[in-house]
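Below is one structure, written out as structure tokens; comments come after it.
Letters are used for the chains, namely A, B, C, D and E, taken in the order the chains are written, and counting of residues starts over at 1 for each.
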Amino acid sequence: MHKIWAIFRKDLLIEFRTKDSLTAMLFFGIVVLVVFNFALGSLHQAVRSAVPGVLWVAFAFSGTLGLNRLFAVEKENGCLQGLLMIPADRGAVYLGKMLASCFFMLIAEAVLFIAALVLFNLTVRNEIPWLMLVFVVGTLGFTAVGTLLSAIAVNTRLREVLLPLMLFPVILPILINAVEATDIILNSADYGALKLPLTVMSAFTIIFATISYLLFERVLEE
Amino acid sequence: MSGKAQYRLDILLGILLFAGMSFALYMALIGAPTERTMGDLQRIFYFHVPAAITGLAAFATNFVSSLVFLLRKNRRWDALALASAELGILFFCMVLVTGPIWAKPVWFVWWTWSPRLTASFILCLLYVAYMLIRKSYEDPERKASVSAVFGVIAFVDAPLVWFSIRWWRDIHPSPMLETGGLDPSMRPAFYACLGAFLILFLYLLRRRFCLETMRNKVDGLLLRLDEMR
Amino acid sequence: MIEARNLGKYFGRFAALNNLHLTVSDGEFIALFGKNGAGKTTLLRILAGLSRPSRGELKIKPSRQAPPGAVRGHIGYLSHETSLYMDLTAVENLRFHARLTDVPSDDRALAMRMQQVGLAGRERDPVRNFSRGMQQRLAIARAFLHNPDILLLDEPFTGLDSSGCDFFKSFLAAAHADGKTCIMAIHDTRLGYEIAERLVVISRGAVALDAAKPSLDYAQFREKLEPLLA
Amino acid sequence: MHKIWAIFRKDLLIEFRTKDSLTAMLFFGIVVLVVFNFALGSLHQAVRSAVPGVLWVAFAFSGTLGLNRLFAVEKENGCLQGLLMIPADRGAVYLGKMLASCFFMLIAEAVLFIAALVLFNLTVRNEIPWLMLVFVVGTLGFTAVGTLLSAIAVNTRLREVLLPLMLFPVILPILINAVEATDIILNSADYGALKLPLTVMSAFTIIFATISYLLFERVLEE
Amino acid sequence: MIEARNLGKYFGRFAALNNLHLTVSDGEFIALFGKNGAGKTTLLRILAGLSRPSRGELKIKPSRQAPPGAVRGHIGYLSHETSLYMDLTAVENLRFHARLTDVPSDDRALAMRMQQVGLAGRERDPVRNFSRGMQQRLAIARAFLHNPDILLLDEPFTGLDSSGCDFFKSFLAAAHADGKTCIMAIHDTRLGYEIAERLVVISRGAVALDAAKPSLDYAQFREKLEPLLA
């Protein structure tokens, strides 16, 4: 348990030193938002209905970048090989890395969401706890499978390409439901309808997390 | 199975395939009645839907063999996983080609991002990614286990393709087989085509599987040769 | 005890290891020789559990009783790469590794380690600014922080200055006296002969010579080694 | 001269081996296009006027990625330091790298353009030579300054973030004029009006290329 | 001729070089000693023109007459890093470098080079698959492909097996006999003393000892060196 925590803290510390991943994540996320703002600027009535999709595209983008970064750090001096030699279940490495990427992604999401509020002229208040719930569940699902796939991608030559290529199709069910849920919250406020997408998201998250946790070891051994 | 029995089985399957295909073609193009509103266009149905079902069956095969490989670590299961993934992509490409051909006259567009279509496309992409993973690992052992892991994960997404249609309104029609909407007069042709596609799948699967195991064998033999030098 | 039987490792059709047999009892000190590309690193990686042999069998039993799966905690591997995070400071790198291997990670214990490898005073510098030899020193501190039973060393003297070499020699001697098993890939014949007590030469992925030091004096060993390295 | 060519060929060869940059460029470019297609899907009349902007956003995105990649390759084993020691004007390194990135970017642009035609249901015929002209001039300008800025970015810790952060503001004049020119070609076909944006683009390109060529040496020395 | 006067190199407030004076005539063979972090690599990088000194003056005149700016073509620098493209094959790496330095890049010439460094037969393997020593061999071939007048070497024996060391020693001897200037950072005192003809010790970024070999025998040298490395 404290090993998971140690890995998480180490990633935090590196990020604190370099500010690398988070800046990259925010930058690309904001570019996506701004570009949409440009494209949709003239069509005011359409904006609110497009926001959930745009938001999650920005999240997914920045999340992919973050995952890539988090494993690139491990690759530089063969650090991953150091991690693989620790006397503990390798699942701890998975959970530590997942926790770290989840944390970064949630921070990025918070900032991007605020940016979206400003850019698209939205106001939210009561929706916030619901949104948080959706963001957290979606992010857990995203990083659950994303961490496993990064570990696959990091060992290949095509590293930075392979990750999104694998991740986006896999993550689509979660992404679609997250968009749906966000749309319900922002545009219909019929919270009863949230049940279906949230259930689906949670189900996928749990399935993905379990499979990934179990299979992580297989992916890293050479 | 001995080599000879294998050979016989291949011949048998080949004959079955030829007969089945001929019959299915006849049924689909001539035997089945012409649909009222869409006319002959509807005959695409006899290729479109069986291809989709066979493709899903191929991906299911991939899932099962990946799982078994992860448990048993036998390279034969990896070969089977590879063969079925390739065939799944092949059959889904058929869906993705026949679908738009049908869609253009019926919906007046080649493509829309409806859930069913998006899901089919994504499913295809998943297995393209699977092939990419296979390509980017050189070590055969690692390739096998990593791609098996991905095969398992990819198939978790597959149900989405089937169920997506129920969760969202979709331009793509409901699976009338389940709702019982298919006119009884069209059923024989449909089942004939489905059968033919499944035989085709089995036949190709066997050939591809044999090819892959032979490749593995040749690699092993070459290694032994190197060792002896 | 380490028992490798019939190990093979293939990269595509290239056999980096080929039918390699090696048995190591607890407390032995082995020097691995072999020319560039002989397969030393490949062997060490397999022993470290970082790479899976394509063929053959490998058994590792640590001397102390260990729960199955925790064998890894008894192995320390110093590889060609340093496994250091460039953006963390020296002491942060050590602290991280200490936490992962359940050894004391308080500042005093780590400062002592830094002192030991001659990096006292540079604790708070990021590793990126270290010279090559300083990185190697830190890598040594990291790799053996958790006091493992089995030490796998891949050209550990690389980049060390002479005081660094002296320190590391005495470190190895102490480990050996302490009953630890050491397997060290090394190119410097004299140094390897001096430190080790069993000499193993790898050639084309297999053991070509395996002799106890007492049975060979240095001149004899060189003579036998020569053709295997040519 | 033949050294520029040698550097160019080397980058091509590496790309041919790994397919790294081009896949990444195409992937991200296509994601941008598809996302727009989603967002704009329901608003058919608006699409054609949005296409030039969308197109150049996709180009800029993928171009930035490509530039990053092309310099990351040089960083891996200290290869850049090897390049800096060649007995020739270091401007040759600049020109070689610029040529390579220009080449990759043009290929990516061609593919992305075709994808855009399909996705946005456009048809072009006579416009093609004009479009090619605009693409080539815009890309030259982009890579002229992009290569210099990548060389600056690659030596910093924030490498992958710094490049777009520096590049996008600098390149804006060229980007805006390129969008303008593309819009004229696709939507008004008044080729006379092309003169102004094309002149501005060319002027910027020439200025950027000259300055970058001259400053490149300064940027690389430590 | 190389003339460095009062060189200083600061990283932030840390002085890696500090008031360093060094004059090297054409054809000299210098071994640079110094403990880890003394500043050897920093000095070599400055001599190679890869790093600009924060203070002081540096003049390099190649022996052959050269157009200004082409001085670089007369310098060969073998650094800690290999400067090899991992995704290209061995021979492609060499060919690229040959093209850039205007030396024959035909297959025959390059195959000869590969043969020379003992990599014959591995021409078409990507460098990524090379073992550490094989990469070092290739790095040597690359660094001196263009037959430079001034050879700057940073721990060139790293990772080489004994036949590799022998080859490289004879390579250096031939270069020296050919009138080339060599400056080599090295930790192995005996080896450095054996090869070089002038011994320079760097300590804390400055020259602490600078002696011609004939003026000191090995024992004397060790004695003087000891306190400087402690």
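The rule is simple: a residue touches a chain if its C-beta (ideal position, glycine included) is under 8 Å from a C-beta of that chain, and two chains touch if they have at least 3 such contacts.
Here the structure is a predicted model, which is why all the values come from computation and not from measurement.
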Starting at chain A, how many touching-chain steps does it take at least to reach chain E? 2
So if I look at the partners of chain C and the partners of chain E, which chains show up in both lists? none
If you tally the C-beta contacts, which comes out ahead, B-C or D-E? D-E
From chain E, the most remote chain by mean C-alpha position: B
Averaged-CA centre spacing for the pair chain C and chain A, given as whole angstrom: 39
Chain B-chain E separation of Cα centroids, rounded to whole Å: 60
Take the average of all CA coordinates in chain A, do the same for chain B, and state the distance between these two points in whole angstrom. 32
So which stretches of chain C touch two or more other chains? 11, 52, 80, 87
For chain B, which residues are shared contacts with two or more other chains? 139
Which positions in chain A are in touch with at least two other chains? 18, 157-158, 165, 168, 221-222
What part of chain B is in contact with chain C in the complex they form? 138-139, 141, 219, 222-223, 226-227
Quick one: in the complex, what on chain E touches chain D? 45, 48-52, 69-75, 77, 79-88, 92, 96-97, 99-102, 126, 142, 146
Which bits of chain A are touching chain C when the two form their complex? 2-3, 6-7, 10, 13-14, 17-18, 73, 76-79, 81-89, 221-222
Spell out the residues on chain B that touch chain A in their complex, using ranges where they run on. 70, 115, 118-119, 122-123, 125-126, 128-129, 132-133, 136-137, 139, 142, 145-146, 148-150, 152-154, 156-157, 160, 167
In the complex of these two chains, what residues of chain A are touching chain B? 145, 148-149, 152, 155-158, 162, 165-166, 168-170, 172-173, 176, 196, 200, 204, 207-208, 211-212, 215, 218-219, 221-222
